[in-house]
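In this document, chain identifiers A, B, C and D correspond to the written order of the chains, with residue numbering beginning at 1 in each.
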Amino acid sequence: MADRKIKIAVIGASGYTGADLIRLAAAHPRMEIAILTANTHAGKKAHEVFPHFSALELPPLIKTDDADWRGIDAVFCGLPHATSQEVIKSLPDHLKIIDMSADFRLRNPAVYEKWYGTPHKALDLQKVAVYGLTEHYRDAIRKARLVACPGCYPTAALLMLLPLVKDGLIDASDVLIDAKSGVSGAGRSLKQNLLFTEAGEGLSPYGIASHRHAPEMEQEISKAAGREVIINFTPHLIPMSRGELCTSYVRLASGATVDDLARSLESAYRGEPFVHLAPEGITPATQFVRGSNHVMLAVYADRIPGRAILVSTLDNLVKGSAGQAIQNFNLIFGLPETSGLEQVALFP
Amino acid sequence: MADRKIKIAVIGASGYTGADLIRLAAAHPRMEIAILTANTHAGKKAHEVFPHFSALELPPLIKTDDADWRGIDAVFCGLPHATSQEVIKSLPDHLKIIDMSADFRLRNPAVYEKWYGTPHKALDLQKVAVYGLTEHYRDAIRKARLVACPGCYPTAALLMLLPLVKDGLIDASDVLIDAKSGVSGAGRSLKQNLLFTEAGEGLSPYGIASHRHAPEMEQEISKAAGREVIINFTPHLIPMSRGELCTSYVRLASGATVDDLARSLESAYRGEPFVHLAPEGITPATQFVRGSNHVMLAVYADRIPGRAILVSTLDNLVKGSAGQAIQNFNLIFGLPETSGLEQVALFP
Amino acid sequence: MADRKIKIAVIGASGYTGADLIRLAAAHPRMEIAILTANTHAGKKAHEVFPHFSALELPPLIKTDDADWRGIDAVFCGLPHATSQEVIKSLPDHLKIIDMSADFRLRNPAVYEKWYGTPHKALDLQKVAVYGLTEHYRDAIRKARLVACPGCYPTAALLMLLPLVKDGLIDASDVLIDAKSGVSGAGRSLKQNLLFTEAGEGLSPYGIASHRHAPEMEQEISKAAGREVIINFTPHLIPMSRGELCTSYVRLASGATVDDLARSLESAYRGEPFVHLAPEGITPATQFVRGSNHVMLAVYADRIPGRAILVSTLDNLVKGSAGQAIQNFNLIFGLPETSGLEQVALFP
Amino acid sequence: MADRKIKIAVIGASGYTGADLIRLAAAHPRMEIAILTANTHAGKKAHEVFPHFSALELPPLIKTDDADWRGIDAVFCGLPHATSQEVIKSLPDHLKIIDMSADFRLRNPAVYEKWYGTPHKALDLQKVAVYGLTEHYRDAIRKARLVACPGCYPTAALLMLLPLVKDGLIDASDVLIDAKSGVSGAGRSLKQNLLFTEAGEGLSPYGIASHRHAPEMEQEISKAAGREVIINFTPHLIPMSRGELCTSYVRLASGATVDDLARSLESAYRGEPFVHLAPEGITPATQFVRGSNHVMLAVYADRIPGRAILVSTLDNLVKGSAGQAIQNFNLIFGLPETSGLEQVALFP
């Protein structure tokens, strides 16, 4: 039993999060990739969709409806939001489900409906889904059947903000998150603004005051603060493929100092394998975590008295998606939390 | 006389701002490039330092001390800060001087000394230098002998903020400027973090709470506000060569709305050839101004009540440096302000 | 009359070649942009399709069928190949036509049909079209009604090869052209391989032994050689937006030397405003011609005796398309050939 | 013993090849990184030089002269060429040495001196060094004390060419290798042409007819051909950090076909874990091997009769350097050849 492989399926294997899940799963000591589904590419080999898998032995892509779930232990779901819920609702009960979409992240169905423009179609499952921010929901994740992995931006922002809000060190109602992401955060869809010629050699904000990761952050920050808060979240599209960095601007609670913030984070993440304060003299950069499951945090005093500048960075496809999914998988199956996630960042 | 060419010199012609000055000057209908200096490259042809000038007829690079200033009308100075002041002090009185360095931007010598770590060495000139933010100092620039062109970041931030502060629409003491710049903003110096392999495919903040463009912005915002303010200015290095975008987070004055901000900007820049509010439906992007002297502005309501998000973008080497320098030159010499600056942005 | 503006139309104004035509035309001293057509975007303002035109006064986009050609002098056509011929056939006789598509480049209808998979639908026009490689067909272009501007790759390759073949210095049947292009060469179409995430940080060949620019080069080289030749043309997609560089590998004719090649090129292009041998010590790079109409050439001896290495570079959207189109326009209308094309390369 | 860690040292740990060696070694199941040397950074922690190592436990950087070699099993040497030979000469006999520099690749001291401009200083070692092109020198590597890992370009080119030359399918005296490399191939040195602003958004050839990887390729191709040959090798600098692709143009031997080439490669690399023919329909791209030890090969018929186009791609820092070094280490120590090298390519 000790060595038995845990059989997994990836639903939505033709997107970037699905692909990064496969990349990591292929090197995981205990995973066996048994099923890959991708409805629009059914019948193709995996390397026809992602040639970087040419050297791997992988099952062919099939339709989700054609999957035989017997003998499968866990499912990773990398579908676009709003399509995951119905698929997941239809899966047999014996499957553990790690969802990388947005469908089960919001606890309040009214908030979901407001931001996604449609009523939720799997409310029973939504109630039992556990928010998969590993470092903050570890115990619940261990016992969960369905884990809703956080968005890439919420992971980067919340790992920084939650300890500080919980410890009462910052004003939760004056949080401004200026976020920057590589283009892979937008997925593999054919949109003009994602062309090399359009996204290259330039940058712009997008989704200003309307990005769907905002309510997810507000849910968690509000919960930590014990009251409803609204935050500013302003993402920017950066000419790089991978990586995400949040620069958050906050007001210190009365009497709190930047050193208090650093101590709070050190205390929250002491012993964590993947979340680290930047060493003395190192400014976080996406380059330092690219391709890895690591998160790098740093806090700075603002020149404006009573304010601080918080920087957090991760790889949006790894800790921001597929890596955190595997971290949660490891928890559920009682494996070392770092299994399959030991990869050092790829630099340069 | 109408057609007489105005003879110019470029001091510091081997840096990127000097090069962009040459690029624009070469196409200017009334300029003649008579002298190029670059002490470390003296004796070389211009195209040996910048091969993209191969097809131009340009004077060779000489040492500044070897220049013969007789017959020269104007000097553009693209030297690094702290070295400009002594060179400029030594220039003959008949020369009009447009300085692109930081040396004459700060009015208060104590502030200069604090941020640059050395006393100013040309205090007499500093007193008469005019701050070259064209749209806000036009009348003074026309009569100036020495114009201190603003830094690239201050130009992007102040064109947005000054009208709003002057009109009392935002709280000048709660201004947070999250800035993003291409790598050319750091000049052509050989630093490890500027290598393609280090700066590519990634991003990071730098100069947190310590960048020298902060006091320059504070000087102008304080003047507009009628009181001393401290701002937050946090720049980030982005994997692109040119372009700069400031996302500023501000608190509205009591009773003010985002529509008021838009009206204030429209009023301030009506008829301006280079500063524009983004058309309906267009989000500013550095791609839309690359290589041009244009600035694109946009204002957005924050989801946090009473707050707004301000976006401004320009090309750091053009409106952020050489282009604005030529705009000021045109003012000084009574030429149409757009002379030599009609280039449309290069996209893609 | 001397100052009368020449009224132009751009058909296919929503593609990159159309856009670069507009960029250059807007700064041309004698052009007036009177009509812009783009069938799928009809009704939009130009800046809704290309926001970098926000600061320009441009006519709205209309359907080609809705254009009123009275008073128009010249038409630039930037449609995809195979769609240009029928549109151009329908244009009134008084219009001069400068076509940037591939439709009228091949003289032999059978070759056209073989490579484009469909019979040509405007054979009468094809017969009178002049190949718009300006430096080699100048006299014919001056008198032409319809100019077929060469492809970007053929322009880069032929400017290098034609003088050498004509002078009998290289073996025309042993020409290998390894070409590298930025992504804008593929246009603005929504293809997965053109996404930033797919084309970034990597490179690959494409169209191996099947690219449609090959027969165009073979037509011209064969004509220069006085016999039918087949060439190797192997393009590669490079992670940059603009620019093209051909490295050609050739066998010297018996007794010929690399110095002979250099002299042949010097002789062919002496006095040309846009085609230059790289100065001593400078290796051609796309960066040195970006955004300009210039071409840089260099020849090198191979270590294999009797062989040479030829390097030519240009901006695929300028000299490779819209710039050369304007150069031909200038010829047709008796203007200085450099009108509107004086822009220096944008570097960095 | 089965589980005993093999203690390694990395000499020259502050360069990119050293860093990638550390990245891979840190995840190797049997390696223990015991010593890191970097003379100019001695005294620093590894993460001060490479912040992406922040989460690893690594020994501090020391001077090579200060290393205590007792208990160390193997040394990886990542020094620049010409400096490796004297350092390696001084190492104690019990150490296995895997050199990633160029110092021991050339068998003929006269050729070394001609291309490197200085006599070799460790001729005794040079004689016994084994060329570390794993797939072609496996048996010798197993028994070697000193392995001279090939250059990145030679690895990419020779894996393609050697089987074809050995099988007599191509003319070894008419081989043209147009190579394209990311900027990391030039190392971490501070050179102007390696700045983001200079190398970005553009490309150029370099080292034309003078690159030091040419004699290395000629040595191996000549050996395979049984006669001295000269090749054309023309590298280009591409705006990406990692990756290398060689497009080789060859003349088929009389009677040989492209299918013969494919069969030759299939036969040569059947069962190889890292060298693969591209699957049907896939064109090799550097993106598909980035960060991995894999090589992708493909052959195409030229339109010129009797000629073929060969494409090979790899990651210059992995199979082109540190990965192949570890592959050789695995051979020497009797480990599975894929140990520590199972990483799938990082895409996007």
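By definition in this document, a residue touches a chain if its C-beta (ideal position, glycine included) is under 8 Å from a C-beta of that chain, and two chains touch if they have at least 3 such contacts.
Computed from a predicted model, the values in this text were never measured in an experiment.
Path length between subunit B and subunit C in the chain contact graph, taken as the least number of steps between touching chains: 1. Two chain pairs, A-C and A-D, are compared here, and A-D has more C-beta pairs in contact (counted per touch definition above). In whole angstrom, the spacing between the mean C-alpha positions of subunit C and subunit D is 39. Remark: subunit A and subunit C have CA centroids separated by 46 Å (rounded to whole angstrom).
Taking each chain's centre as the mean of its C-alpha atoms, subunit A lies 36 Å from subunit D. For subunit C, the set of residues touching two or more other chains reads 16, 182, 184, 197-198, 200-201, 239-242, 285, 287, 290, 348. Within the complex formed with subunit B, the residues of subunit D that make contact are 16, 182-184, 188, 190-192, 194-201, 239-241.
For subunit B in complex with subunit A, the residues that touch the partner chain are 173-174, 176, 178, 180, 182, 197-198, 200-206, 208-209, 214, 230-232, 234, 236, 238-243, 245, 247, 249, 283-287, 290, 300-305, 307, 309, 311, 313, 348.
Contacts from subunit A toward subunit D in the complex involve residues 16, 19, 22-23, 26-27, 45, 47-48, 50-56, 184, 200-201, 241-242, 273-274, 276, 278-279, 281-282, 285, 287-292, 294, 296, 342-348.
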